[in-house]
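Letters are used for the chains, namely A, B, C and D, taken in the order the chains are written, and counting of residues starts over at 1 for each.
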């Protein structure tokens, strides 16, 4: 399919012209299907133009276990960096959203499934620490396949590291809003992603702990339609709302406004 | 000696041992020529015993950690603790049999204990879901953590789970949410926390109660970001390659010590803790008490700060350039 | 004027009004003799209107408080608040439709709002369980309370429920536990809390979010330890005696003011708030804002202390002798 | 049935001699059925002999609403006082349990169903306040049919009053152990009874919010066997343990010991 000209919608299988899709924030104009965004597109969606200044841009993963499977982990990393133009699977930085100073984070699923290894965990923890010291609200768009198994236990421990960082933020009463996007599973869901004061999700996103295939293997039956979608989570009380991409900026702005006012007059 | 459960890599040894027993059961007075054969076999067994168990691969350790006869959380509760008062339920939904929470005394020191709980037989394992935790199990542990924090009781956790249960109801009731909240809570407890890896350390379900100011690992316990089988199934589309993958995942006690995650290793008798549990219990008790004594009197805020610094130091990154 | 729903005690009035309409629909030029009859009837209706509504019994007020057309929580959210952001779920089990939680703005002041939510028709009422709350509804409200406390947002609650749902699943998931925890949390919130009784105040299910630093009652709202029907059924084995029992229970706004439980009463138009809601909304808004302004800047600890003192003063006891 | 000689067990319908029943803490020697105890029996079960000193013994209910139904409330009160020899449905006092100083409370179901009106609420709140100021652990045996409807809204408000009193206790980290006995329902369950650090229940006790008849009327079907029993609550995660009466003193003693030690050596 010639890239950049037209594409087939994953939701309704209809043909959508690229320009039209881009104008519509990559939401299908026919069926409302939300296509995945890159980390940079996520930041552009929310940050005031030109306001994003990346933190820890130089911080990258290593290969402490010299992990080799079908491919060597170092080659996975090199290939992902090359293809995505990113040092790692997460971008964090200072930014402003509708004038509010924030720390803004976004994950990029193209980068080894936005899995969380040492570098992702470290960048996330530092982002929360910056937010504490500068009393900036945190807004985080998550996407992840889970922990980065190529870094073994070092990767698992990032769940605890990032959760502890959120706890410190919460203790200082600095607001945190997370946006769960397709897909967010495993160790990222089960750590900083869901520990926000307000958890939003994009329509139709797959969000859960265990992946659907793992569950199907475990229970030896097919999963019901709609299982582990944003809408399923809303019904089960796990997210505050499912927000279409076109309304996300307005909603996040309003939420920051409520949570940073300290009970005073509306701005 | 008869083994109730024989692991794959133990099979050659067990075959020889069975043969030796058969020989011994014969009337040696009638067959004096067998004495020499018995001597030879005994030596062979000794050597094989040594070679089978002395340099176990990661996969062999994983198998040992899952051995049905291996001492379980319940055994530790019954041997190294006294005055155990079990507390049940999460006050929200249920009482997960895969997690035990209790107040207990260890060498005269009052503590709170949370552990994954596997069974020793099918009946127990069904009641305890083979140690695989549902959200209510993590929330049950959180209730104990808050109680420990409130009343200044140090927390001892015993890690032994294949992982959080991957099922429909577990997801419906917020498996990820329960684990995440447990992690955040663990990070902020103002009491000493000692975690002991006694068997399986399966991913997030283990981590939810499986870290603290000190992590003690049994020699053959493992702790892994993913089970070797699941990892092999993802990387090679073949769960049979688990043994190969196990050695890549850095999941043994030695690996964890090297990576700065575990602090100390409790040696096991050759063949595993179940071959002779008494000295293992004894050693685990002493190690826990020693950690508790070392942390006694440390102010809550300092404990939390140190634990955070410890966590922050885990990971290998490069900041030099892209 | 046609009423969609006619209460028992309104029937004589409605019959006259219907008759009047019929007369008016006739050609009066052909029947000039009817003019006098119409005049007479109009005066009669005016008098009956006054007498029907001006001195309502407790039971009549209970009926009015349940009137299907009466303004509901959702109407208040849409009229007296702006920039409403609804927050869903308890993060534990579900999203109870019988409770709404939101961040909202009232006359420029940012607040958190929790309310019981009844529907206006069968479809809505099924989704919202007729405003009868399950444990997850109370836990949803508790999440909002913690958020309000954390970020210094005053809490406004809107009370309108027949009560907590009496059902098997509600008991299984800890109805009593959810209510009790909600009460304890409400007692300790370090932000101003204004409760407004807009309709039914049914027992513990109402109380869980139904008290604060100030309780504002609508004139025809009720608040009771038990529904009159249930009380009659216990005391007289006859729920038909509800009207008799209602006047004993001290459940009207006037009773609550007299007992020192409610602080102020918002008058309603004759016949109830649904006859002309606009001035009621206006008045409720002003009262809430006035309370918020009065409590703005009061330190958290002082709010909690004052609220406790207020609670401690409620009740009538005798300490003189047995 | 001649009182004090023999009685028929409500559990197994067998005849039990009164002396035998009393020796066995009123637990049926045949089937283990736990008969209801009076408040004084409850205190005797736990307090060191002679250690109980009642608080607010003179504090009694009034009839603020001049409530009259089948009977006048004042007559209910007079009759209950006469029959039970108690001023109200709850006894609270200082005591020691196995040497530990505590505030001990017990409710008496014979007194208007141990319903909670102004006086019960006041006595309970004062008991918790005494515990705070003297840093004594609280041990409370509950039994109640709920709020005392004869005092209307004054009665309902006692739920909030007692819950707020428990919150202050919790804030001061003073331990609180409750023992749910047959029956504990309504406003007492949904307030101070279940807010304890450790909640125990006696075997077979009926404990819940709504009464079984109310639920049956609401859902128009019969309730499953064992519904709202202590064992049901244990299974649903609501109580810490179901403890037979004979083990109660030992268990409570051990729990106080754990929760008052402050992490030090066992005594």
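Here is the rule we use: a residue touches a chain if its C-beta (ideal position, glycine included) is under 8 Å from a C-beta of that chain, and two chains touch if they have at least 3 such contacts.
Small disclaimer: the values here were computed from a predicted structure and weren't measured.
*Asks:* Look at all chain centres (mean of CA atoms) and spot the one farthest from the centre of chain B.
*Replies:* Of all chains, C has its centre farthest from that of chain B.
*Asks:* Need the CA-centroid distance for the pair chain A / chain C, whole Å please.
*Replies:* For chain A versus chain C, the centre distance works out to 42 Å.
*Asks:* Taking each chain's centre as the mean of its CA atoms, how far is chain A from chain D in angstrom?
*Replies:* Each chain's C-alpha centroid was found; their separation is 51 Å.
*Asks:* In whole angstrom, what separates the CA-based centres of chain A and chain B?
*Replies:* Here chain A and chain B have centroids separated by 33 Å.
*Asks:* What are the residues of chain B that contact at least two other chains?
*Replies:* Within chain B, the residues that touch at least two other chains are 91-93, 173-174, 177.
*Asks:* By the touch rule stated above, which residues of chain D touch at least two different other chains?
*Replies:* Expected reply: 170, 236-238.
*Asks:* Taking touching chains as linked, do they make an open path (line), a single closed cycle (ring), a hub with spokes (star), an all-linked set (complete), or other?
*Replies:* The chain contacts form none of line, ring, star or complete graph.
*Asks:* Which pairs of chains touch each other?
*Replies:* A-B, A-C, B-C, B-D, C-D
*Asks:* Any idea which chain B residues touch chain D in the complex?
*Replies:* 83, 85-96, 103, 105, 108-110, 136, 140, 147, 150-154, 191, 296
*Asks:* Within their complex, state which residues of chain B touch chain A.
*Replies:* 164-168, 170-177, 179-181, 183-188, 203-204, 207, 211, 223-226, 230-231, 234-236, 245, 248-251, 255-256, 259, 261, 307-308, 311-312, 314-322
*Asks:* Tell me, which parts of chain C touch chain B in their complex?
*Replies:* 91-93, 139, 173-174, 177
*Asks:* Any idea which chain A residues touch chain C in the complex?
*Replies:* 170, 173, 175, 197-198, 234-241, 251, 254-255, 257-266
*Asks:* Using the touch rule from the top, collect the residues of chain A that touch chain B in their complex.
*Replies:* 56-62, 64-65, 67-70, 81, 87, 117-119, 121-122, 125, 147-149, 151-161, 163-164, 166-168, 170-171, 186-187, 189-195, 208-210, 214-215, 218-219, 223-224, 227-228, 232, 236-238
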